[in-house]
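These notes open a run of structures that come right after.
You will see chain A twice below: alongside chain B first, and alongside chain C after that.
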Partner chain A sequence: MNDVATPIVSRDPEAPIMVRPNGDLVLEARQLDFFYGKNQSLYGVDLPIERNKITALIGPSGCGKSTLLRTLNKIYDLYPGQNATGRILLDGKDLLTDRASMSRLKERDGDVALEPANLDTSALRARIGMVFQKPTPFPMSIYDNVAFGVRLYFKKSKAEMDQIVERSLRRAALWEEVKDKLNTSGLGLSGGQQQRLCVARGIAVEPEVLLLDEPASALDPVSTAKLEETLMELREDFSIVIVTHNLQQAARISDYTGFMFLGRMIEFRPTAELFERPQSTRTRDYVTGRFG
Partner chain B sequence: MDRALRRKITNSVFIGLCGGATLVALAFLVMILWTLLSKGVGGIDLKIFTMTQPAPGSPGGLLNGIIGSIMMCGLGMIIAVVLGILAGTWLAEYGGKTTYGQIVRFFNDVLLSAPSILVGLFVYWLMVAHIIGHFSGYAGAVALALLALPIVTRTTEDMLTLQPNTLREAGMALGAGRGFVIRSIIWKAAGAGLFTGGLLGFARISGETAPLLFTSLGNQFVNLNMSKPMGSLPATIFQFALSAYDDWQRLAWVGALLIAVAVLAVNIIGRMIARETHRP
Partner chain C sequence: MNATTMDSDTAPPRETAPGQSELSETIFRYLCFGAATLLLAALAGVVISLAIGGWPAFRQFGFGFFTSSAWDPVQENYGAAGPIVGTIVTSVLALIIALPLATGVSVFLVEFCPRNIAKPIAVAVELLAGIPSIVYGMWGLFVLAPWFAIHVQLPLMTDSANLPGWLSGLVAGIPNGANIFTASLILAIMILPYMSAVFRELLLTIPSQVREAAYGLGSTNFEVVSKVMIPYVRRGAVGVVMLGLGRALGETMAVTFIIGNSHGFPHSLFDSGSTIASTIANEFAEATSDMHTAALLALGMVLFILTFAVLAVARLLLASEKH
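Here is the complex of A and B:
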């Protein structure tokens, strides 16, 4: 590929090849290390997330992409012995050190969120939504599933809540399928519907960032296509980070792609460039299917 | 002999053994139930539920025992379910991996198989001899609670551990605190299992006699005051079955039948409720 100038290739073979987005960054990880007890699983990872874009993380199993995702909303906090060092900036404030920054929930529809004094990390998680690999509907009605997060932080009238539930389900492209059975259990839905219910639940609290950990790996192709379509539309309102094993999926829907290997960010670039003109041999081998 | 035939024979023999064992177990169960029914049903009449235990030869019923059993089992179950669910939740969600948690779990398992008479003696020493100073329904209820508690605790821990971690993470990813996630999501998801734990506990204590003998003592009159000695069905059965009087022995059989029917009914109703509330 002689048509490409390669100013970003560093002489240090270990240094990541990073093309930083030009736009406004909503979330950014800098020099992030992560430890499961004594085992280090992330090594100085940088990850810039541009607002209203889809950022995909790819790489072979065990490369740390899910760990990176779980670090971004501090879900690892639940497990003793897991620890992160480095910086994670949300709107310029460091989540790992600056506890005060976390409690400020976004204002929405004119009302200010409750600010529970000791729930800093919880409030942070409300600003960064997450959808998991396996659908995780709560054992309650579809309506209550979507309303769950909203009720935690906002006092809403029945009518307002109805609106939020409907809007969230519409944006997750699930409304038409469930509008007549909102009071039935969320567990009765199909796998694909459950996953979109989880998306609706996640976006109902209007997070700034939506993290998705292989959201389509348990879904059939039709449900996957629907979910991808949903994500493309959600990009207008949210910034999305998606971990995927499916390279075509990353290529189809994402604006930026990061390739990770053995706990390191190897290459982070606009998706088209990364897939068409990978700079690192490791990236090239992976996206052309020579390993992984 | 070819392989297929050999497998077929092995298979048949094994299934035969399993079926035989099941049959033996069921046969004993049926025999027990049959004895209960044939000896107990004949004695059931209105007097059983309206009159207290009689002197030999005079008419009477089991009302004092029925009321005492319901009240002591009821209070015992309330104590056991509240403490057991909290303890099981702590073991499953918070401290189960700590040294203290492992000690708690170990002693809970020891309690699980503790002889009920030991529990009765302990409660006698604690409540009858020291705290209250005399026999009482409260002491009986506490003894029963101590027997049901380890069962509820254990089942609660097992059922909560079965819930996938992603369910907890999903709740917390929405900004809910840990305790809130457990109360509003995990308990709900494990609801049928927690219910089963309660039923198992109830089945265990409903027929217990030994721990009641020196805690609630027994009372031949209807007594609604739990700070006084209280009658109970098992204690009445124990007393009457050992007696030489035919009418007392008949009443003992009726009492045994009543306990069996109560356990069966509570189980069936409980399962129906659990199924109703957990239909997907």
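Here is the complex of A and C:
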């Protein structure tokens, strides 16, 4: 009677507590397993990402949240021995199936023209942008950093490119600080500026999803606040997944939060619910600071 | 009291006896200082004796020592333009040949090669550096030179009427395979291991997140390597080039075997020539007159300055790479 949560909690203590978003899903992981060689580091993880929302992933170090992020844009593919099984659906298409079956699927669907290229790994990564823990500006000018991804896929005139660069920098809240020195090296910016430059570079190609792996952990509080503000505004145009160690940050900016532990998704719910009424005792212990 | 605020006043007294008395501390310091000084003194000694020994030649021929290509021990007339140009041309050519190869090897080892194969290949490349230069020289003289003469020089000679003028000028020469170009080839093989080893180390310093960020934007392998990774180590790569150049400039035995050892100014790529080091190696035992010895020492001084300048620039560039 007074136990409102009964329908959600499963009898199986291992089963995740999932509250699926009602809205349109842009990206979804289903029953995802991940292996570093013989070591399994994700166990049947489900992760629904709603369009134009911020989804936060929290959990103690080594719980698999960064691994999950690296699986979503197939960065792990660069390293032999790392492998993922399960399904990752981007707009309903499975990213983990191989390229050959992908193009067959696309031919049948007849929508090849909509893609920037074949939906191979490179093109996929262009649709799912990623920002890392440490800023990763390339050794080139601020302008070229932002234009980098765009130039890979599109032929743009100088004027169009100028517009894209300005718009991306504005959206990343960096334009005012760098507009007079676009031709200086991106390596010369402060850490917070570099991180927002990486955000600008990531959104310049208009990805559908932006993945951020602890983007603020190397930043001071002022830069962190600016970055968070930027992310809240970017939600208008992009779907954002952010891994963070900072619970307040997750609570402040995200719409959904997933709590992970030892490679499993323990609880995934709207952020306010997860923080205020955690269902799993593990989640409760973590968000109240009892461990982790 | 708080343990973290402990300072020297409250530090516990040392219970074991100090290992060194005041005197032995002083002796130790001076020994280290002496070792360092000795090396510098040896360097200075080499420079000074080269300068003194070469002085008569510099005085007699003046600036002409660098511009004249007359090298005539009988007439006691020495001009070093031939060996100097030969040294620079062979070294630069070797660099042009070795640089793309070194880049390819190191990029392959760092970026594409499965890790269990990368190690053996890296060791094999480093083994190249362990082959004594005289072995390279013999291989060059007995294997490369005849092959080159028969399969490259002779066909080009018989075809020379069909070649454009500038090209036939470039490849003119006696078809014996001992020339500037084959010497450069041997040099290229010799500097390749050093260059690729240093280049590989440089590429390994790139944070993996920068690579991942480039891949994350949808770059292909080639785009990541050419647009992000190589620019990332740009300055260090210049250092690699200089290091290779420094080695090529001073290489003696292998070049002496295969360059043809003629003193004049080399007139084409396939013309025989000489380098500073090969000239000194060939003639020092037979230098009977004082002026001949002085001219060779002066050559040594020139080589020293060239190599020193190149290595100094390399050091500077490599140092500035460590952000």
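Just so it is clear, the second predicted complex is superposed on the first by the 266 of 292 C-alpha atoms of A that agree within 3 Å, B and C clash if a C-alpha of one lies under 4 Å from a C-alpha of the other, contacts with A are read in each partner's own complex, and residues count from 1 in each chain.
In this text, contacts are C-beta pairs under 8 Å (C-beta built on N, C-alpha and C of every residue); 3 or more make two chains touch, one makes a residue touch a chain.
Treat the numbers as computed from the prediction; the structure is a model and nothing was measured.
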For the combined arrangement obtained by superposing on chain A, do chain B and chain C clash, or do they fit?
clash
By the touch definition at the top of the document, which applies to A:Met140: first (chain B), second (chain C), both, or neither?
both
For A:Gly202, select first, second, both or neither according to whether it touches chain B, chain C, the two together, or no partner.
both
Have a look at where A:Phe238 lands relative to chain B and chain C in the superposition and call it first, second, both or neither.
neither
On the A-aligned overlay, A:Ser185 touches which partner chain: chain B = first, chain C = second, or both, or neither?
first
Let me test your reading of the model: by the given contact rule, A:Gly149 touches which partner, first (chain B), second (chain C), both or neither?
both
Is there a shared patch on chain A that both chain B and chain C touch, and which residues make it up?
73, 75, 78, 122-126, 129-130, 132-134, 136, 138-140, 148-149, 152-153, 187, 198, 201-202, 205
Mind listing the chain B positions that touch chain A in their complex?
164, 166-178, 180, 184-185, 188-189, 191, 278-280
Contacts from chain C onto chain A in the complex sit at residues 114-115, 207, 209-220, 223, 227-228, 231-232, 234, 323
How about chain A: which of its residues touch chain C in the complex?
73, 75, 78, 80, 122-127, 129-130, 132-134, 136, 138-140, 148-149, 152-153, 187, 198, 201-202, 205
For the complex, which residues does chain A have touching chain B?
73, 75, 78, 119, 122-126, 128-130, 132-134, 136, 138-140, 148-149, 152-153, 185, 187-188, 198, 201-202, 205
